[in-house]
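Each in structure tokens, the structures are laid out below.
Each of the two complexes below includes chain A, the first together with chain B, the second together with chain C.
And now, the complex of A and B:
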């Protein structure tokens, strides 16, 4: 009997996922179509609305054709080079992905530690939280050279601070904030009755933390992690651009942008690579989310 | 219980993945150590870090050639070249002690020195300024006086002072007589007609416009399509790429000796690039530059023109050019009415002692440091610099 009940549910879940994939592809196509339609009907040299220059140029230099950009992927990166652009972009995205992952890890650990500290001590919350908010107003591009410079001087027991770690640290710097704030919110979310129940069992604070607060914080932490994942990517890419770190997608974007004078389509290949990177990273967190939430009743997630 | 296991497992997975990612992080510095070093001749090699202003390109070919040809290794130096980035200020990295030597344009470095960074110019590699103002012929901009009433592109960030100096010299008020427009690092704005004249380096942006296709003819733009104003020719050129050292550490005998060897081997690299233009462009490409081959060769050739021939010997700081740069840096007001420098740089801001010792070293090696018979080659640019 159970089989007949669950089977339709499973197919509907499968269908739902399939529909999402199809919708995603359709929305991508839609963007491409809008791009091409504007290119066809938009003013080639830009246009003014009420004297304001609002309409972007639609000529080939400003808006290359979609197929122009896509066909670039098959071209070799440099004349005489056997490496096609798609391989270079993928390699760059993979490099940045690893840096972002390290940054994500740094940010998550730091964010969770801060969240625990703030949940444990009210004083810490009052003292730390404002600084967390302030920290996020520091422009990343101002911080990037500083971190590189500090890192350049660090040497711990003969282990030299590698330059890429600066980029990861900057990714972590952006990533820790949502985790800290979301984590704090989650850790303080259990109702007073539950906390009192734990107290009545004479549970220590640590026991309460692991048996009650963490599990109930998961619905708050997961969206925070999603934010953190994309923040880590942004942090790493910006840091790469800012400090000129070689090998990543950020560096590719400026290197290809320099060729925009004669080959405007090329830079888009790297930009799409960065977008792919962000999608992969948040997809990764979504998978973790599905895994962590698999035994949870549906109401808990809403 | 199962819930707890869930997040524990997820956390463990995250840790494991991050460790994997960390373990395979790349190495990003180009080093001269290893194969090129003639083992046995050096008792110890001194590690040296050189900070560039930008990514690997022929603008820095001399240093890459010195690594590739083993000139540094012959001086018992293990030179690591650190690339720049959008927000990396080389002289700041030097002042912070993150690197041993840095390349920088003179006015910017002097501004940092005035702000307290103890850095010293020990070798003026580029003897001439390579800054141009490029415009289409039909705009009729043949000299700075013609800038009046035009949209003049400039890069800002301290790269624009030659423009202001030229305007001031032509009797124009930068605030009232021209429209100054912040320019991107590509030349699209010039080609699209957003600006009338664009700031360009002979060795980079000027080549970019010559690599673009003219939609009217279907062929590449040619030099005949443009008017070019050279700030060097207008008498307002400011000194550009120079090697800067830490003033503090120069008091240390070992660092000073390293500086002499470093400057000597670097000039040897530049001399190699003067005589082997194509080989040097190839070296730079092999070091991972993303610029196309013809663009790279063009850049190599143009950079050579900025260095050679070198009257007093490559790297020698010409007092007249130095004083002109310092004077323009003090007198030229930008839009905000401020100047690069507020007072004359002190005498310790540059020294020819190190480069003089380096010359002696190079003479013993038979390196021609003057290049009086230098002739540039002709480079044909391909579409997109390919």
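And now, the complex of A and C:
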């Protein structure tokens, strides 16, 4: 008989990953080049196309030079202070990162629990899913003060609800949705024949969940987790701003934005800090992805 | 004691609704221990349904089934049978050995015992070198052999197979038929085998059960009288051809009656 055995080509996978990193750096440079080109040729005070005010202003206040933004990192945060701004931004990013991590964890656990519940009971799916969709249309800014005031009144066995936890909960509120929806699709993805096979082994529902449904759901859950990771960051940053929580990158963005007229490059340092935060979060998920999908057929890994 | 007793079994899908289907009516079949029985017939004749009733993946609407003298449910809970489908249904994320260990894992066997049995099964299907490979690294025929090894892992007395070689090419298929028979000789298993192929049914079976659709029922049971052990030479044997002719005629009768019934319906 013809026994063709294919072995996974790990070297080419590594090369592909390397190429992706290079492409990422190149695209960053490209964005910087486009930015500077527009700044050079664009109208300083904005412009109209067919009577519509579409072209953004390109003066130094609205669009500082790329090198100004970068060099701003080395300067102190405030005149007279000795701390360089990169340390402030990094400290803020680290603070928000920990909050986002907690939010990501809350969102993932909640999302998976909801997905399991919906996969187990068709009634639950019909009853819960519409509310999940509706929940995501509630503006986070409206929800933030509510969560803070609820949290402020909570005290569980002498443990007081810390202020930062409200921001994490709001991050989790954005993060749980993709996990719940992706998880539901993943948990219900095994073909009928596989479910029948588990039944023929007299496997319990929990056994089927852990031996069949969860492993089948991994290719669906991982992209959902990537979304959840960046959602958690957005949730935490927005929550920091709208609840006035100090110490995080959200707070820095709003503070620096106020100084935009006198120090336009400053706010960009914080914005890039937030972007770095999101990238780091999805980077961790990607590492988890590579680990979990190491033995899967190549078509399944994207 | 017979391995499987099917008495007056009927199965109706969607009872009471407009798309009610009489999948099986009045099915009687007794299968002796160690016997190899094939179910053959056009699609919609209920052969897969009958197999699933024996496996307790479906409940009969009427009649009784006994597997090893027990109810099918008890037999399923006791893992008295192993099952293999047309799609090998191996789990991509488990190595070959881990796939075979799955039913043992679900029964709570400890790790060392599981591994020992998996290696034993892999030797049986001649894939001992592939224990740590993953299913997607194997050819279709090899995957199907792993699926059979998995079905045999609990050492069941009864093997239920639903077109297990249906997706394989003709060469691999004939090879697998020989392998299956030699496995059965060694394990002494009783087999119920659903197939679309007349030569396959005749080559493998002691008896071929011919079924017909609308409503699904048994129309004829053909005894295959091939002397001695079946080898590749059997495929040139006069008795083999006689068996094929007998099954083909029984199936032709099915088509004829179906045709006549079609006219009556108008």
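Operating definition for what follows: the second predicted complex is superposed on the first by the 284 of 302 C-alpha atoms of A that agree within 3 Å, B and C clash if a C-alpha of one lies under 4 Å from a C-alpha of the other, contacts with A are read in each partner's own complex, and residues count from 1 in each chain.
One rule holds for everything that comes next: contacts are C-beta pairs under 8 Å (C-beta built on N, C-alpha and C of every residue); 3 or more make two chains touch, one makes a residue touch a chain.
It should be emphasised that the depicted structure is a prediction, and the values quoted were computed from it without experimental measurement.
After overlaying the two complexes on the shared chain, residue contacts for A:260 are found with chain B alone; chain C is out of touch. By the touch criterion defined above, A:194 reaches chain C but does not reach chain B. In the superposed model, A:153 makes contact with chain B only, not with chain C.
Contact with neither chain B nor chain C is seen for A:174 once the two complexes are overlaid on the shared chain. By the touch criterion defined above, A:203 lies against chain C but remains apart from chain B after alignment on the C-alpha atoms of chain A. Comparing chain C and chain B on the residues of chain A they touch gives the larger count to B. In the superposition on chain A, contact is made by A:163 with chain B only, not with chain C. Of the two partner chains, both chain B and chain C are touched by A:295. In the superposition on chain A, A:211 makes contact with both chain B and chain C. Within chain A, the residues touching chain B in one complex and chain C in the other are 211, 215, 218, 295-296. Of all residues in chain C, those touching chain A in their complex are 52, 55, 57, 76-77, 79, 81, 83, 85, 87, 89, 91-95, 102-103, 105-106, 130, 133-134, 136-139, 141-142, 171-172, 175. Against chain A, the residues of chain B that register as touching in their complex are 2-4, 6-7, 9-10, 13-15, 17-18, 21-22, 24-29, 54-55, 82-89, 92-93, 96-99, 185-188, 191-193, 205, 208-209, 211-213, 285, 288, 290-293, 382-386.
Chain A meets chain C in the complex at residues 1-8, 191, 193-194, 196-203, 207, 211-212, 215, 218, 295-297, 300. Looking at the complex, you find that chain A touches chain B at residues 45, 57, 59, 61-62, 77-80, 95, 97-99, 101-102, 104-105, 108, 141-142, 144-145, 148-149, 152-153, 162-165, 210-211, 214-215, 218, 240-247, 251-252, 254-264, 288, 291-292, 294-296.
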